[in-house]
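Both complexes shown next keep subunit A, but they swap its partner, so subunit B is in the first and subunit C is in the second.
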Partner chain A sequence: MTGRRRLAGAGTVVRRRLLVAVPVLAATSMGMFALGAASPIDPAQQYAGAAAFTTSEENLAQIRANWGVDDPLPVQYARWVGNLLRGDLGWSTSRHEPVTSVLASRAGWTLLLVGTALALVLVASVLLGTLAAYRRGGWFDRALRAVAYAVQSMPVFWIGLAAIAVFALSLGWLPAGGLTDITATSTDPADVARHLVLPVTVLAISQAPWFVLFVRDAVAESLRDDHVLAARARGLPGRVVLFGHALRTALLPFLTLVGTHLPELVGGAVLVETVFSLPGLGAVTVEAALGADFPLLAATTLATAVVVLTANLLTDLAYAAADPRVRLDD
Partner chain B sequence: MAIRPKPVRVAAVLAAALLVVAGCSSPTASTGGPGNSGTLVVATAGEPDTLNPVLNYGVDGASLIFDGLVARDARNDLVPALARELPTVSADGKTVTAKLREGVLFHDGSPLTAQDVVFTYQAVLDPAVDSTLRSDLDMLASVAAPDPATVVFTLKYAYAPFLQRLALGIVPAKAFAGQDINKATFNRKPVGTGPYRFTSWTPGDRLVLAANETYWDGKPANSGVVVAFVADDNVRAQRMRAGEFDAAELAPKLASGFESRDGYRVHKVPTADYRGVMLPMGNPVTGDPAIRKALNVAVDRQAMVTGVLGGAGEPAFGPVPPTSEYAEPTIAGKPGADVAAATAELDAAGWKPGPDGIRVKDGRQAAFTILYPATDSLRKELALAVTADAKKVGITVTPEGLTWDAITPRMKRDALIMGYGTPYDPDFVSYKLFSSAFAGQGFFNPGSYRSAVTDAALQAGRDNADPAARKAAYATFQKQLAADVPWVFLTYLQHTYVLKDAVTGVTPRVEPHEHDVANSIWWNVHTWTKES
Partner chain C sequence: MTDLALPARVRRLRRPGSAGTTVAVVVLAGVVAAALLAPVLWPLDQSAVDLSRTRLAPSADNLAGTDDLGRDVALRSLYGLRVSLLVGAVAALVAAVIGGLVGALAGSVGGWVDRALMRVVDTVAALPHLLLGIFIVAMLRPSLGAVIASIALTHWLSTARIVRSELLSLRNRPFVDAAISGGASRARVLTRHLLPHVLPRLALATTLMVPHAVWHETALSFLGLGLPPHLASIGNMINDGQRSLLTGAWWASIVPGLLLVAATLALAVLTGRWRDRLDPRVRAELQL
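So, the complex of A and B:
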């Protein structure tokens, strides 16, 4: 294989992408602050919660002054960027702790959930989609498509509650929620893994139909391509033709699909975290938006932007590795 | 679903593999499933933002981790806690002196001194501290410690229920030395004097507490408490069904599913938590006393309790809960609707039915809008019930669900479903909600209700230390509200909890609006035990 030569221009591409990333991230964060300024929500009132009904305006004004949220927007933004450059992401007003510690304690679980589910979806959809395409119109193909359409129409929330009802309540095989057993004193990996089986599977199943149907169509399509027909004509075994020729061609657009589908996966993760009471980033992001907590919101938005930019870069690199026609160095 | 077994196994392996890669593992093992070691597990929706009493955690006591100078017993009566006996009040009502209990230790082993009490209250008063509690301690001028066992509070004015404000948890001063109280690590790793010491808190998941073996009031009957935070009602119910929790707060309709279930029981706990319609004086329709009085008798409170609350509530006629010693029994009306009385009231005031059935007076239709927070399904259903009842007497109500930031600017002109209430003292919420001095100030008296009689009664209630005089003042207050109807009070809620039958020692008491880790049915969890 000539993968090394194909990735010859990768360094340049990475550098160029990093240069583009800086203005993109700056624009994203500025947009966050502009939205914040336009928001009618008073963060101090959100902070007070139910006590807002007994808290005087003077008291709320003192709290706003302590936070500096009444300062002009450019002043707030400059302060935020200044702190960011010093490695300080600011103070989360909705969580009452530094933004860095919110991210540190929660981002890992969301990444673990999304990452595992994504890996599961990729493996399962490539396998199932290819098999279905190989015997297009057969019983497996028809059953798979029927199931995929059915799952596609089910809300994630519903799948989650149904999975709890079956596997946690009726069968008692798996826990209904939480990250560890409720009386556990530490995060034991085996315990966490057992607790993540249902959420990961539910997230994967809810996201799978898209991928499965796409792989099936793409492989079925490429099975009729000239080079595949040629491979068949040469008398290569069916398995080699299917996985070596047809699937490889079909995988290229699939890589792009994975990149664009990432935000949807994160959206599904928010709901899954709610159903299974997982302490991930989903719930706090919603809370931050409702509580006008811009330091936290800006941080999660930036983190998401970084992940998406990285995913796009990796997709392009993978594309170059997989397709001899794509060159990075031009 | 033939494909399921494989992905499950793959996911388990992948999850375990990723965990190891991500380095999230920590060396110790779990202590086994629920039911072992006498640890109780309770579940609630409301998670505190902080565990520091200065920043509003468990300010009314029962916070499990902290003690106040005073505490409340099963009848919500004040009893001494960190104070040796109930603090004494000077004749002019402006000096309150507390003597501290001897030999009380914080969880870190350091002794409690008067300086800690002074620090706690001074922190609340400090404008640099983000405490909303400052508004409740308006009357407090200063606090001092003449000796290590004595605390003296000096008030700006006599405030009869001041001792009720002393249930606030006391924090150790030295834990904050050289730190910004707003950002101190203490807020997430607290140290108190209470029946439970802090072990760990995973926000969004659980708070783990261990019994304080050296608690001054006797060591807890169990070895610890885990508070699970599960925001979604349905999820909480399912996990309760799976047997994970010993006690959980659930919405009435979900809780009733457990009544017939073996091994569980349901507690309906009375509260001071009311819901009502605030009728603004600035609206020409709701500003008319006849409309307000007609509406007050036209609403079917009993139907709301049965239909909207699933039986977990009782009709409300005023802001002082029927369980309070200050409740005035004569203001209670009929629990059902009295359409005849409402019609008579409207007819007499000149609101005549128009051609479309809607009443009209001086060319103005009897129509107004009731706002409610859109995410609160209970308030929405109450708004719809009021709309239906009003229609029967010829008043058109338009219910409108909005977010709070959209509601706030409209409160002076449009009616609003509001709710609050505390069982501790009638002064607490009502003084700001119904005094003319607070008319039009944010949430305090948004409808700008003004009555000299009400003002005088509320003032007398806080000025007079004499219980009989206070009782008379609040009787006047409640009667005046019933006559003026600035609000149509609808219902008091009951908080519903599901408990395992194996749990004993539970003593529900009247609860306030706010209840989460602190002040729920597990207020005395240190006396609970679980049979195994």
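So, the complex of A and C:
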């Protein structure tokens, strides 16, 4: 079967998903906007900052009128969405710069953190999970599963703080936070890499249990499959059977797992960036939340939602492309 | 899970894993009881500041040391876990009510209402719930009500699914057919015949949601977006403890977290054992 035939229903699936995703995103944005409007924060006072105490009430009212804060909610919402669609994400009240420039300068670091951690998790979980499945019930399998369950019970920020206490403060091997040394005048790749070791490892460790346990169970199951038995019967060496036959069939559902697990990864990144004071999107989202910065907060939340939904769709399509048994048009 | 190679009869004699189960029950019951009964068992002022005794290492006087305001970390951790558990339980209850209503609507009306509601549930479940939760708290400003709203609005999805699927499987049972052919109205069938069967599952799902709710609250409080300081929870303590941690007093952050980890792990062991016993595939594997 050709790849084209396998993806025959892709157009329909994309259309059907959009049919749900667009209303849900619209409803989410409406709910967010309503919450923002119900918020007790006055944007004019927020804009004025400490000067709000000395600014006259007329001036504040003028600012509100200029911004259209007093317009009816639907009018404000339509204006906000119109601006969003035209690429104008608004003005961040906590960072005092356009939201687009905040996103542009921060998104890269978050992608680097999440991407490296995800790569590390995938490689480690495939290796460890397969080894555990090969000797199911053995000491390695039991130890790995016990550790996985234990790690699953630990909040990622708690692991991060413990890592800082041990590796940064007690042993002094790695920096406790930040992206570069305080004295650095530029972002030197080696310096950044050294600062990212702990955050990436902590994020990877906290996400690993799901992936490791999944690979372990999937490989264990496919080791009982007929085609694996057939490969064994042909006298192929155990390593070839394990990695070439059992692992290959077990890996397909893995794609879906990566897709469904992205929200967890995003949440983990927010917490890890905060613990290690990294200048990523997650940390800036928390700052925006502390300052009730609606434009920035709404932009990061909606942007993440769009990215996650798109990634989910892509993993499903990739799954259909990789597995001839999955049909998209059912 | 141990000794997969042993035949079933021998396994039953040795009852593997029962020691682990006992430990988990003792740890979970002990930690939860100590936290809930803290005001009765240790009626001391957990927020008493003593600036002459700040950041003391763990000792016989202060089992888990003191924080940067001289407060006893062990005592405050128990009080903090108490707050976390109570807030988590209330939030899980609110989430269960929302999810139960949506699930009941989808499962009893059916048709396009069901399809639309479930598509929405699937899509919302795919969104990063911590970010949504942060947004909700940020706009309502951090407070007890905002935290509960943040948890409930991001955690109702699983109960909606459970209630719906339970209703769908019940709808085709003979006793429901009998009630309908007996002339019972739709509302009566739902409240008198279906609901009593759904409630136990709903209660179980709500109980199992409490740890998730506690985690969400802990993350929010850690970020400074959760409960106000006078309602200090585990998350607030870990956040507070960061200042001490950087000066070497690790216990102020690590100990409160450890208490939460112990309770969560014990619960995970128990639910894992319980699920293994219910899952026929795993049970078959155990008997291989």
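General observations
The definition used in the following text is that the second predicted complex is superposed on the first by the 257 of 330 C-alpha atoms of A that agree within 3 Å, B and C clash if a C-alpha of one lies under 4 Å from a C-alpha of the other, contacts with A are read in each partner's own complex, and residues count from 1 in each chain.
Note that a residue touches a chain if its C-beta (ideal position, glycine included) is under 8 Å from a C-beta of that chain, and two chains touch if they have at least 3 such contacts.
Note that the structure is predicted; figures quoted are calculated from it, not measured.
Applying the stated contact rule after C-alpha superposition, one finds that A:His96 touches subunit B and leaves subunit C untouched.
In the overlay built on the shared chain, the residue A:Leu35 is in contact with subunit C alone; subunit B does not reach it.
When both complexes are overlaid on chain A, the residue A:Thr315 reaches neither subunit B nor subunit C. Within the superposed three-chain model, A:Ala21 lies in touch with subunit C and out of touch with subunit B [touch as defined at top]. By the touch criterion defined above, A:Ala51 lies against subunit B but remains apart from subunit C after alignment on the C-alpha atoms of chain A. Once the two complexes are laid over each other on the shared chain, residue contacts for A:Ser153 go to subunit C alone; subunit B is not touched. Contact with subunit C, but none with subunit B, is seen for A:Ala305 once the two complexes are overlaid on the shared chain. Annotation for subunit A, partner touching more residues between subunit B and subunit C: B. In the superposed model, A:Ala162 lies in contact with subunit C only, and not with subunit B. In the superposition on chain A, contact is made by A:Thr274 with both subunit B and subunit C. Residues 40-41, 161, 164-165, 169, 176, 274 of subunit A are contacted both by subunit B in one complex and by subunit C in the other. If you check the complex, the residues on subunit C that touch subunit A are 1-5, 119-120, 122-124, 126-132, 134-141, 215, 218-219, 222-225, 238, 241-242, 245-246, 248, 250, 253-254, 257, 260-261, 264-265, 268-269, 272.
Subunit B makes touch with subunit A in their complex at residues 1, 3-4, 6-8, 10-12, 14-16, 18-20, 22, 24-34, 36-37, 39, 41, 49-50, 55-56, 127-128, 130, 132-136, 138, 182-183, 187-188, 199-200, 202-206, 208, 226, 228-232, 234-235, 238-239, 241-242, 244-245, 404-406, 420, 428-429, 432, 441-444, 513-514.
Touching subunit C in their complex are the following residues of subunit A: 20-21, 24, 27-28, 32, 35-36, 38-41, 136-137, 142, 145, 149-150, 152-155, 157-158, 161-162, 164-165, 169, 176, 260, 262-264, 266-267, 270-271, 274, 285-286, 288-290, 292-294, 297-298, 300-301, 304-305, 308-309, 312. Across the interface of their complex, subunit B is touched by residues 40-42, 45, 47-57, 59-60, 62-63, 66-67, 91, 94-98, 105-106, 108, 111-112, 115-117, 119-120, 123-124, 128, 147, 161, 164-165, 168-169, 172, 175-194, 196-197, 200-201, 204-205, 274-280, 283-284 of subunit A.
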